[in-house]
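Naming follows writing order (A, B, C and D), and every chain is counted from residue 1.
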Amino acid sequence: MVTPVLMIAIPLLAAFLMPLIKKAHRYFTFSILLLNAILSVLLFAKVYNDGAIYETIAGFSPPVGIYLAVDNLSALLALIINLFATINFVTSKKDFKFSMLYLLGVTGATGIVLTGDIFNMFVFFEITAVASYALVASKKDEKAVEGSIKYMILGSVGSSFMLIGIAIIYSQLKSLNLYDIAARISSMDPKMMWLSFSFLLTGIGVEAELFPLNGWVPDAYEGASSNIASFLSFGPSKASIYAIARLLIIFSMSRTYELALYVGIATLLIGEVAAFMQKNEKRMLAYSSIGQMGLILIAFSLIKDTSYAIPAAFFIIVSHASAKSSLFLISGKKGFGGITSKYVGLAGVLSLIGMPPMAGFWGKWYLLMGIADEKMWAVAAVIIFSAVIEAIYFARYLHKNLGEGESEDLGYSIPAAVMVSVSIVMGILPLIYNMAGGVLNA
Amino acid sequence: MVVEKIAVIALYTTIAMFVGILFMGVGRKIVARVHNRVGPPVYQGFIDIAKLLTKKTNISHGWIYDLALLFSMTGIMLTILFLPIGGVKLLSMEGDAFLVLYLLAIPALGFALGAGASGNPNAAIGVMRALVMMLSYELPFVITLIALMIYYDTSSIAQIVEMQHAKWAIMIPPFVLAAAVADMALQGMLMEAPFDIPTAPHEIASGPMAEFGGKHLGALMIYKAGTIVAYTTLFVDLFLGGGVVMHDGSVLAYLANFAVWFILIFLVFTLSLLINTSFPRFRIEQAFKFYWKYEALLAFISLIWVYLMVIS
Amino acid sequence: MLELIFAVLLIAAFATLFIKSGRIAAIISLIASAMPLIAVMDWANDFGIKAFSFGVENSMDFSIAGITMHLSITSFAWFFAVMVFSLLPPIFLFSYSFFEKNNGFFPFMLFLITAVFGILLASDFLTLFFFWELMAASSFILVYISRDKKAIMSYLAFSVLSAVLILVGIALLYSQSGTLIFSDIVLNADKVTVSAIILMVAGFAVKSALMPLHAWAPFVYSKADEPFVAFLSGGLSKVGYYGMFFMLFALPGAKILHQYFNSGVATYLLAVIGAISAFIGTLLAFMEDDLRKLLAYSSIAQLGYIAVGFGIGSSLAMAGALFQAFNHAFFKSVLFLAAGAVAYRTGKWKISELGGVGYKMPFTFMAALFAIFALAAIPITSGFAAKWLLYEAAVSNKYIFITPIMLIAGVGAFLYSFRILYGVFLGENRHDDIKEAPLPMIAGMFLLVLPLIIFLIFPGYMLDMMHSALVDAGIGTISHTNYVIRTGTASYNTLAVVIGMMVVMIPAFLIYVLRKQKKVDFKDNFLAGEPYEFYGYISMHAANNFYKPIEDVIMPYLRKGAISFYTALYNAMGRVSDASRKIYTGLSQDYTIYIIIFFFIIVGWLIW
Amino acid sequence: MGLFDGDIMKYEDWNKISRIASRKSLWMVHFCTGCGAIELPPVMTSRYDMERFGMGPMATPRQADVLLITGYLTVKTLKRVVNVYEQMQSPKYVISFGSCPINGGMYWDSYNTVKRLDRYLPVDVYVGGCMPRPEGVMNAFLELMKLIDEGKARGWEKYQKYYEQYKRNQKMAFNFEREKDEGA
């Protein structure tokens, strides 16, 4: 009954219907997002009970047709993206164009997660990216436009790299299906294979905020309004890091994993170190996001070797999506105005630095266990270092926001509280460990 | 048994206090002779204490101020119980050198409490100097103490005394150095020049004692007498075999040991007085530097020497 | 029953989160905090001590899909539990008066208690680490309430450092032995295990404020709410030492270290660090003017002794260390609470601004006085027995470096004790308008003084209490009766001290009783003949730069301490951070070039 | 409680011990008010050596038994002297040096000196001369000892008995000074 197609089709359709429903566009969009979130819950339940769903569209069989593949992790990610999108949309106060773009962005991010076809993935990338450029610019001040333009330039460079990568693969294997590619990747000319991998990694890496492809990140996050910054941190970035994980699994060579590990470490270090002295709150959070993306990439780079990698990555994604999004939502005020935003800030920070009862704790636990499995002590040292750095600047962030400031804007802080409570729920019920275990095998 | 023990304790503390008060007079006599004066009679200490205890009026600054009296007298007598006097072990088998070190702090702390409660700023400054002086001289002193403990493999003073039956510690080369260090530490403990700045009368109006008068001061003088006996006995026990010359347990041995102990503490006290009369005062930080730089170094050399001797 | 205790604690925590009044929250917390204490009392029967039985089971497995948390009480955890949980009801009693409004102290304190209960009960590493982190998080929020920048930053940074060190240590151990359950772990003397042990001990040492990792303590202790600081110094630091005890003796890490290094060098190093901690902490303590900072450094110093005991590791030393831990838990809590009571009435922290409080708050002063006697290890208090055991242990092992340092630190304790006594409670009577602290505060402080009095004459009771802990950890106990402790080389008889004291007290007591005296005002004081009124405009309280002469000598050597090292590190890191942000030039063309360079690098790396 | 007041021991007996002890142990307060103080060092040091008699200087009035008024007293100094005297513990004695405390001496017409000390403090022994020589000072000490021995040095009891009068006199002197200050 529940099919993944609906989750892409409904919002896409709704987005195009938007100009017709100008008046009630906010309620309409919200109900669509809510529907999508409910669908994703049902989808997750189905996938959890019956195993992965592979679905073709319009009757073409796999190597040729559009193809959706949903396993536990991608269903969960879709759930998170749609759930947070629903909560986040509550804060929107803009016109129908905004709602339309927002729906498109969510569609794209969901599509990236659910698709099983590399070209589709590219298309969804484009959808979410273009929507994001416009969303960043929707604040309509100088900084927003600047951020948007930088984002757009780099995003389009990235897209072209990605497209070239896809072209190389297609020229070699005559296939766009991810599973098909994964099965036949060894038959490729090695040089072509490496070349295509490099193009794809570079292309997706721009969206996934990997160093040094992430030049747009601080400007775009700083320029965007708080709810869009929040959207960026749970939507496109999480979807694209998931795409990188799929890429790694497809190419599944020890060199690619090694490369991912190095890129992850570099991203982690640069992100955390840059955030350390950053006084501007939103930029600091943006740099911190970069660091967290590095951490997620490190976790993904261990997929092949240890079963702890996926839960680690999953918990860090949940922790980061919920905590960072809520922090972005309550940012931009002069301090935590009231009790809600104070506790949201605290919970968010504690989740990010990995303290229970938040999801971040389990992320840190599984990541370190995975690293111990691999005996990569240098990585452990890097993580110790970055954790301490992170603790210091987040402590400063918390202290800076202590002022009584303006009175609390409950319109922002309650959605933020709901978001951060997701992290707490995930932390308290580590039963997700079982659900996330043993998924994502091609 | 217990009654007997208590009687012996009472007897010995009385004797020790008697000796201490006597030494105060003798000390003044000796100093006077060095100054080419006649000096007071040797029993002057008794007269002074009698006068102070028979004063007609007394002031008090509250109950903590009064505690000083109780603490200082009790503390010093208690310390004497834990020191072998002429080889007689009162309670010294029930405690050891660490206990003695800390027991010596009871009167000091009580005294400091009383001085603090008096509210006199001079008293507070005096206590500060006394405490800093304590910190200063304790370092070289504990190092020499540890040297002894390691050499004799015991921390009990009674056993250290017993083990010196054959040969006094001071006859062993490293302990000559240690004894010299400990003697300078003794100078600080007794607050004799050059380390008498805590109670400098002209400078801070005799420091901690500034507000004490009458019976309180009388009790403090008894305490002072006690410190003379306690510290010199400690020195004699540690380095000079506790004055034990006969070991057969006869009455004669008791008397002889007691006599030798008396002579030895008198000599140690006289040495300290002679140093006292020949030197001006150190400032407090000079004293601190003296003890922690030179004295501690010498003490540590002797400790390492002993350590090497024990190990080989 | 055990679930019930956790449930009550958590429900109370959530309930107090929504209660505005500090009074009601304090009562709820008081009742909730009695729950773990009941369990602890109950478990006493398991470890050879007669007590009431309430039928609390001593182990529990808590399991949700895939993850099982094993909880069970061990003898050494029980010993630490006794000291930690007996602190809590008095502290909450104190808080009843201290907090008019509930500022978040009560709920997070209850979370903290839950976490500590979990840590002490944990019997696998996941549980241990989970509750350790919960403790770090809730105590961080309690620090956060203080609103002080340095406290918040240093506490979070060091908490995370400790957590990550422990986590890496656990990961290393796990990679070696493949299990997280304590009883299944078999250790070998190899490089990984040894580094795991060292990392974890370092991680636990952060919470115990051991010297190079102590930098958070002065800031946090001096800024957070007093009842919390009392628990932080009294209770949480002991949890850190519980971790160390567990690693070194229960696992047993110390043996592994001995095997690996072929000598006791690693544990000796721990003892040296502890001794230096005691020494430098003492020096810094008596030069401090802020009462709470003074107590913080004093805590660092007193906790250093415990590390010395752990480092030496003989039965004598361990008995001393545990005894010292127990004493410190109580006397330092009393001192912090007394500081809180003084601040509650006067609103001042600087010793140079206080003075004469003891005349107006005699009961607070008496509680503090007793605690200070225990702290300075005056032989008629229980504080001495602990230090005596440690000194004996050090000397009988012929540690020529540690012993004098420990002893001189013990002497230094008199210096800062006097600083508190004189600077805060005695001296010039400057506070005419204050009253004695409220009754609950005094009751709380005196309840905490009570154990110190019990173990005064009967240190044997304490040794009985730690008996099964030491035996279970394979250390062995020392021979003792109720009031005599015997070591190979000496003995300490508290009864002899007390009886001897009573005998020699007679003459002093006679003079004391028979003195006829006139009580005079503070103003009737010898000031070189000047009447006090003439000095009305000058403070007669000698408390500014009290130890200035010695400070001038010592400070040049201590200026480059750990805190300045961390500050320099922070600044250097800040410069690196500023430099690293130069990468983000803000120019799209630069970023595009980065992309292209990145592409060529990975292509090159992958293909060649 | 009465051990020292006659409940247990007869007051006179106790008093006798007290007198004997305090005669042989006179501690003087180190408070030099005038030029006569210069005569004290010879008395203390080896030539005359007052420590023979158990005498010695003490740092504070709390510890001392004898107050030496070594020369003239201004009104301003008198205030301090009275303060010091009142801080001393009984029994306490006053010795006045030279002619100034007796009748003003060479300052007989000064507006600012105290002409007759015994209006303000009970003086036990006067030493005449301007200044008295050390022998005189020694003699005064011996005289004081004799008086104590005979129980005649009762200045402190007099001060207690006529406290009001002494206070009134002192107050007059101080007030004179204050009025003068205000007038100037």
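The working rule: contacts are C-beta pairs under 8 Å (C-beta built on N, C-alpha and C of every residue); 3 or more make two chains touch, one makes a residue touch a chain.
This one's a predicted model, so the numbers in the text were calculated from it and none came from an experiment.
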Please identify each chain that touches chain B as well as chain D.
C
Higher-contact pair (C-beta pairs counted), A-C versus B-C
B-C
Whole-Å distance, C-alpha centre of chain A to that of chain B, is 76
Rounded Å distance, chain A centre to chain C centre (Cα mean)
43
Report, in whole Å, the distance between the mean C-alpha point of chain B and the mean C-alpha point of chain C.
36
When centres are defined as mean Cα positions, the distance from chain A to chain D in whole Å is 94
Name the residues of chain A that each touch 2 or more other chains.
none
Of all residues in chain B, which are in touch with two or more distinct other chains?
57-59, 205, 210-211, 214
Which chain C residues sit where two or more other chains touch them?
516, 524, 526
Listing of all chain pairs that touch each other, if any do
A-C, B-C, B-D, C-D
Given the complex with chain B, which residues does chain C contribute to the contact?
356, 358-359, 373, 376-380, 384, 387-388, 391-392, 395-396, 398, 400, 403-404, 407-408, 410-412, 414-415, 417-418, 421-422, 426-429, 484, 489-493, 496-497, 499-501, 503-505, 507-509, 511-512, 515-520, 522, 524-528, 540-543, 546-547, 549-550, 552-553
Chain D partner, complex, touching residues on chain C are 513-514, 516, 524, 526, 529-531
Under the definition above, what is the set of chain D residues touching chain B in their complex?
4, 14, 17-18, 21-22, 24-25, 30, 45-46, 49, 51-54, 57-63, 65, 88-91
Which residues of chain B touch chain C in their complex?
6, 9-10, 13, 53, 57-62, 64, 66, 69-70, 73-74, 77-78, 81-82, 90-91, 93-96, 98-99, 101-103, 105-106, 108-109, 112-113, 116-122, 124-125, 127-129, 131-132, 134-135, 138-139, 142-143, 146, 149-150, 153-156, 159, 205, 210-211, 214-216, 218-219, 222, 283-285, 288-289, 303-304, 307, 310
Looking at the complex, which residues from chain A come into contact with chain C?
149-150, 153-154, 157-158, 161, 190-191, 194-195, 197-199, 201-202, 205-206, 212-213, 215-216, 218-219, 255-256, 259, 263, 270, 273-278, 287, 346, 350, 353-357, 361, 364-365, 368-369, 371-373, 375, 380, 383-384, 387-392, 394-396, 398-399, 402, 429-431, 433-434, 437
